[in-house]
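Pasting a structure here, questions to come.
The chains carry the letters A, B, C, D and E, assigned in the order they are written, with residues numbered from 1 in each.
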Amino acid sequence: MNILRQRIRRAAALFAVAAGVGAALPAAADDAKQQYFPLATFRVGAYASSGIPVWAGTIDYLRYINEVEGGINGVKLFWDECETEWAVEKGVECYERVKGGKNGSPVPIFLPHGDPITKALTEKSVADKIPLVTIAHGRTEAIDGRVFPYSFPAVFTFWSEASSAINFIAERAGGKDKLKGLKIATVYHDSPYGKETQTPLALLAKTYGFEDIQIPVPHPGNDQSAQWARIRQLKPDWVFLRGWGVMTPVAIKTAAKVGFPVDRIIGGVWSGSEEDVRPAGKVGKGYLAITPFPAGADFEILKKIKEHIVDKGKSDLKDLKSFGSVYYNSGVNEAIIAVEAIRTAQKKFGARPINGEEGQWGLENLNLDDARLKEIGAYGLQQPLKLSVRDHEGGGAGKVLQWDGEAWAIVSDGWVKSDRELLLPLIYERAAAYAKEKRITPRPDPTSN
Amino acid sequence: MAFLIETLIGGLLSGVMYALVAIGFVLIYKASGVFNFAQGAMVLCAALTFVTLRDQGLAFWFAALVTLAIMVVLAIAVERVVLRPLMNQSQITLFMATLGLSFVIEGMSQLVMGASVHELDLGIVDTPVEVGPILVSQFDLVAAAAAGILVLALSVFFNVTRIGISLRAIADDPQAALSIGIRLQRLWRIVWGVAGFVALVAGLLWGSRQGVQFSLTFVVLKALPVLIIGGFTSIAGAIVGGLIVGAADALAEIYVGPLLGGSVSTWFVYVLAVAFLLIRPAGLFGERAIERV
Amino acid sequence: MAAAPFLEVDDIEATYEDVILALRGVSLRVEEGAIVALLGANGAGKTTTLKAISNLLASERGALTRGSVIWKGRSTARLDPAELVARGIVQVLEGRRVFPQLTVEENLLTGGYLRRPSRAEVGNDLARIYTWFPRLKEKRRIRAGLTSGGEQQMIAIGRALMTRPTLVLLDEPSMGLAPIIVQEIFEIIRTLNEDEGVSFLLAEQNAALVLRYADHAYVLETGRLAAAGTAADLAAQGVEALYLGDAPGAAAATSSSAQQF
Amino acid sequence: MSSAETEAAADFVAPGAARDWRGLRRALPLGLLLAVAFVIVPLAGTDYWFNAILIPFLIMALAGLGLNLLMGYAGQASLGTGAFMATGAYATYNLLLRLPDIPLPISLVLGGLIAGAVGVVVGLPSLRIKGFYLLASTLAAQFLLEWIFNQYGWFSNYSTSSSISAPKLAILGQDLSSPVGRYLMTLTAVVAIAAVAARLVKSQTGRAWSAVRDMDTAAAVIGVPVARSKLSAFFVGAAVCGVAGALWAFAYLGTVDARSFGLDRSFQVMFIIIVGGMGSIAGNFIGSAFIVLLPILLSQVSDRLFGGTVDAGQLANLQRIAFGALIIWFLIKEPAGLAALAERGWRRLRPSGTAGPERGSRPGNTGKIF
Amino acid sequence: MSASSAGPILELRDVSLSFKGVKALNALSFAVARGEICALIGPNGAGKSSLLNIINGVYRADEGEVVFDGAPFRRIRPLEAARRGIGRTFQHNALFKRLSVIDNVLAGLTRHSRTTLVEHAFGLPRDLAESRALRARAEDIIEHLELTPHRGTVVSTLPYGVQKRVDLARALVGRPSLLLLDEPMAGMNQDEKRQMSRFVTEANAVLGATVVLIEHDIGVVMDLSHHVVVLDYGRKVGDGTPRQVRNDPDVIAAYLGTVH
């Protein structure tokens, strides 16, 4: 045990050195007047290929706000990066490291950007009063802000994703009544994330009368011959592909191998990026994907970012091919929502760095209507979004993209809405069950009554 | 019935791909007693290097040669920096060192070549061929053929060439090999180099199947049960083990999975492998040492 | 015999794993063309001495901590085993240690690789080995692990001869072999010595046997030199009495052999 | 109790040790350390230190202890650590959920025991196979258990995400959900278990384990029940890992799903004991410090030194390389683990011999297991 | 002891064993009388160690049976053999190399322990009492075999001769009725051999263990043993008192062969 003591002493000394190094660097004197916005990035590890463009999108937008718009109402943003490798405990460590703010500037919003990390932070964030914005991931029942005050699965939950995908199939089939009798197979990543859509799909299948087939693919999914052999046997009309990482290209390739038409596969949000399709090569042509982050560099705001950031060599992106990609745009989207929430909060609390509690208010009063989206230049890139205490999701629609071998083209008729009215009661029920299990008293909704 | 056969064939063809990765392990384990967990990282490194070179516009063969050269340099470095200082250490220590090594290789590869996903097109057509009612993937056939040629080449190498016979000698008795002037360390470098070559082939085939990205390192997980079944020291075992694992995996996914309500392939072949082990404690082809006391 | 020093071992001390002292101040010399015997009981340090000469100690976490080994006027301290083999010293390990999975012929071939010989040379060398050990020719395609103990000893010696050595260090050639086979092997050793001029340093427990073939002999006892002299002198003194009748022994080596009454 | 024996039991306080003068000298630093850990740290620590450093450090050291008992003391290599941790976490969760009247500490212990029982089943192949083959066979358990917890909703009370989350942490009405509370709860569990483990390895059970590890044939021949020893090691090791898993889920993360206890976790724990030192109790803490703290340290140092100037992705890659290289470097430098290194350093610092010859002469290759 | 205490403590009947087709033991039969010291001699590879391995269950005989203490068996588990009172030392060092001398000896007492894991874990009174008792027994043997100065030392760092003594202590501490010693004096110098011979004699005379030992040093064998069995390539070529064996022409032929 002496050894242990000695060891700890040594470790402490090392940390002291590290801290000393930190202290030696001059702290920006006016940090306290700027808005801290820490980023828990993942640039190495298994998911680095998606992380890199995502964070580039976020950082480029933040830089754009700082350099072109002079900050949010004059409050500039500054950030640290902390590498998580998409691993839970590293994510938690990063969160703990940054949650106290920096040099007096508090954390308004935290982007965990990973389903497992989000779950690990759900309760901590309540204790610390730091809102987590988790676009297109996180717990679906966190839509109910009365039970999950600091979780914001904004824009597009997995349930909405499933419902929108079904509605797109209906659109193609010529109406929801045409869903009856269709066979729709869901090929999913066998993980909590992948299984999350089982419940809504079962409900939707019951409602619309299609046949719901669930086919799991074990992590990481680099061999799917058996799954697609089954698809060939079952002959579904559509396949809804909910992959993650390498699973998607392998699925597309294997589908081609067994002769399943690729244009009958609709990928989910995390199966719908260039990084997912490109490795599949030629056979990926015609593949569909539903996403809240439409790809493309033609949106106003992307043009501005290109002009002021990318072309000036200030972009975080090293491989400019990714500019305007789904992941890049998702990063931009997240940053837009965070910035707009801060802006909203500033309206109430003043043009100064805001803290997490104020950030929560900003988010719950966020209203991005078409007019505001046009002002930002994000019309078409970001769907109209109105959040409230009862509704931390807001949008619930996606666009369907089709891969032409080189790039994505939007093929849906605008935003494909989900059947939120149908799903919400079930979601609230689940939130209530969670509250009961955790003995949480839901907070009252100030806007009702 | 046709479906069963089709599944079986598909499984067997996948099995060849697993065997390909397993062979890399067998080579190194045989010659130096190291269970090289960095094999997955080597696969990634080889594929990533190759793709990056191709993206730079190098011709296929030239890129392959340069990659091979890099793998050989890596092998030499590993022997010098890791194996030699750890000579005579326990196998578990060496195993852990290769885990550390895999961090280094992964980090280096991505540091130099980035973490983006690359497409790797080997120009192999991937439309299915119908043989009667049975659908067979052309790509898998080509991959299996490539693996077959590799195994053939390796067995010629091991049975005919000077280096190959020396390597088998080392596997049998390193000290005796040393005593008659076989240069252990040089042969280690060679065998790691050969394992690098195998990693390149595996990397190319797997990479063109799933794209070149970090998750290539996970193919190791499929190779482990192959090794358990086939034994750590037998190339023939790796092939047979690969076929068994591939077939069992595919059949289990179709016929066992639905019974249990989920995908079983993460564990099924491992459980199968343990069952094999209980019957043959040193794998199908592994030699069991008699304990002398 | 010329006075030119062939192999000179001077006052060596060896340890295993930095703890176990296996040799304490052993000195010996082998003249060119001689057969020298190294006698001693089980664990007296014979094997360690041979491995100290062939530089194989390192592979067992052993080390030479004092003294020097001079081969043809040069210290061997910095040479690795392969370089020593290239310079003409080869060791046949105790317990034969053939490569069991390799065929008899492949076993022999491994001995030739260091020189990177041409195909013709290899053929010649093999032919010569087969003339000395005709039995091996019959079994050339059989896996060495399946041959008898005597044949394995022949394989081991043949394999060593494939390196074209000038000095063979032979560790316990009689171990575990029937007397008739032992005699056959020793006859071959004598032939090799006389016809090919190969020198031998033989570690043996069977003193009576080996002294009939050797020119000189050294006797080890618990890692020290206990006696030395010409084979004839030692045989006359009744060397058995020196260490066998109530024999001392030492250290971690594991061999043993037939004992004399 | 003789003085030499006390000394042999030196890693932890043994009853009666204090009577002995030398024992006292050994016990004193440990007592001080515990006092600091229990009194000073809770007063001085920040949330960050508790939540991100101390709690995971302690829990991983505990998991290391579990594996060390199994692998370092009993010689049974296992990569099933993650599965044992998952079993402990899910078992404790279900006990708390379904039998809410049982107090938390008892649920933790019961959860550990259930993990131990699973460990015994996982250990059955060890009666036939050893070495890498055994190591590989434990992977079957690792993957199978991970799958079961993910697959069958019952284990997670049919939560949508198959994840389990911490109940209210309270002992005797004392709320422990604050960072300090969770730290103290973890620390108490770790210290208590480590004390029991220290006893155990010096007992007849521990001797039987070491006998099986060092030479199982000889062990059987002299009358050590080899099969029972192996299985008891699997039981105890898995139980300790199980408690670690439950703490990981409830005291550290709050919410986990089975993937938190995947193969990576198993490897991480194995790193801890190999880097720290197999067959050493203190080694687990050293190894855990290395594995848990080093990456954080690397990331903090490099952020401070290069943050903003070097590309963040490259920096992350460099950290990974540095981490891998350090592992190799330490293995080369001290294959018996940092505990042995530290022990040597300690002796050098205090040459006047609290350490008798028996502790002084531990051989260098103690890391060998197969 | 069983009813058969008048008969031989150990009897081998037509025991055969082969490894991969090579016969290590060939229809071997002999008996060891209660209370004697019996030496097995023969060249290396004669099958002596294999024989001991069959007697205490490490190997299984292909044919024939072993009768120990009146109970016949062909295959016995090593643990069961130990329980019945067969102790054993090893030719190559088979000590628990990371444990100290006292711990090695204490491990030899495992089968005399009656306490459970739980008692060990929490240091319950029964465990404390028992470990005191066991420790006393171990200390006794250690003192007896003059290992006291080494009692706390990790065995792998001890000189070879001392390790051999630890091996003997570990076997003796369990009070075996039959003690199998595999080359207990290999690698020892004259003094050590004399000392070891004394210990073996004492184990036999004082502790009452029947001893079967393998030894190459004929001088030692002749002084020490009451009974000598000569093996050669798996066969028995001689069996009798030292004097008888010394003068047996078959033994002389098999051993000295054509050499002399």
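Keep this in mind: a residue touches a chain if its C-beta (ideal position, glycine included) is under 8 Å from a C-beta of that chain, and two chains touch if they have at least 3 such contacts.
What you are looking at is a predicted structure, and each value in this text was computed from that prediction instead of being measured.
Student: Of all chains present, which has the mean Cα position farthest from that of subunit B?
Tutor: Chain centre farthest from subunit B's centre: E.
Student: Could you let me know which interface, B-C or D-E, is made of more C-beta pairs in contact?
Tutor: More C-beta contacts join the chains of D-E.
Student: If you average the Cα atoms per chain, which one ends up farthest from subunit C?
Tutor: Comparing chain centres, A lies farthest from subunit C.
Student: Just give me the whole-number Å value for how far the CA centre of subunit A lies from that of subunit C.
Tutor: Averaging C-alpha atoms per chain gives centres 73 Å apart.
Student: Could you work out how far the Cα centre of subunit C sits from that of subunit D, in whole Å?
Tutor: 50
Student: How big is the gap, in whole Å, between where the Cα atoms of subunit B centre and where those of subunit D centre?
Tutor: Their C-alpha centroids are separated by 32 Å.
Student: Just give me the whole-number Å value for how far the CA centre of subunit A lies from that of subunit B.
Tutor: Chain centres of subunit A and subunit B, defined by C-alpha means, are spaced 36 Å apart.
Student: Where in subunit D do residues touch two or more other chains at once?
Tutor: 147, 217-218, 221, 313, 317, 319-320, 363, 365
Student: For subunit A, jot down the residues that touch at least 2 other chains.
Tutor: 43-44, 48, 52, 190, 218-219, 318, in rising order.
Student: In subunit B, which residues are in touch with two or more of the other chains?
Tutor: 107, 110, 115, 262, 264, 266, 291, 293
Student: Name, in rising order, each residue of subunit C that touches subunit B in their complex.
Tutor: 54, 56, 59-61, 80-82, 84-86, 90-93, 97-102, 106-107, 109-111, 113-114, 116, 159-160, 162-163
Student: Going by the contact rule set out above, which residues of subunit D touch subunit B in the complex?
Tutor: Residue list for subunit D touching subunit B: 77, 125, 128-129, 131-133, 136-137, 139-140, 143-144, 146-147, 151, 217-218, 221, 263, 267, 270-271, 274-275, 313-314, 317-321, 323-328, 331-332, 335, 365, 367-370.
Student: Inside the complex, what are the residues of subunit A that reach subunit D?
Tutor: Those in contact with subunit D are residues 1-8, 11, 14-15, 17-18, 21-22, 25, 41, 43-44, 48, 52, 55, 80-83, 85, 87-90, 92-93, 95-97, 99-100, 115-116, 119-120, 122-124, 127, 139-141, 190-193, 195-196, 199, 218-219, 318, 430, 434, 437-439.
Student: Over in the complex, which subunit E residues touch subunit D? Could you list them?
Tutor: The touching residues are 56-58, 77-79, 81-83, 87-88, 90, 94-100, 102-103, 106-111, 113, 115, 117, 120-123, 127, 130-131, 134-135, 151-154, 156-157, 170-171, 174.
Student: Can you name the residues of subunit B that touch subunit A in the complex?
Tutor: 3, 6-7, 10-11, 13-14, 17, 107, 110, 114-121, 126-128, 135, 137, 139-140, 206, 208-215, 218-219, 222, 249-254, 257, 262-266
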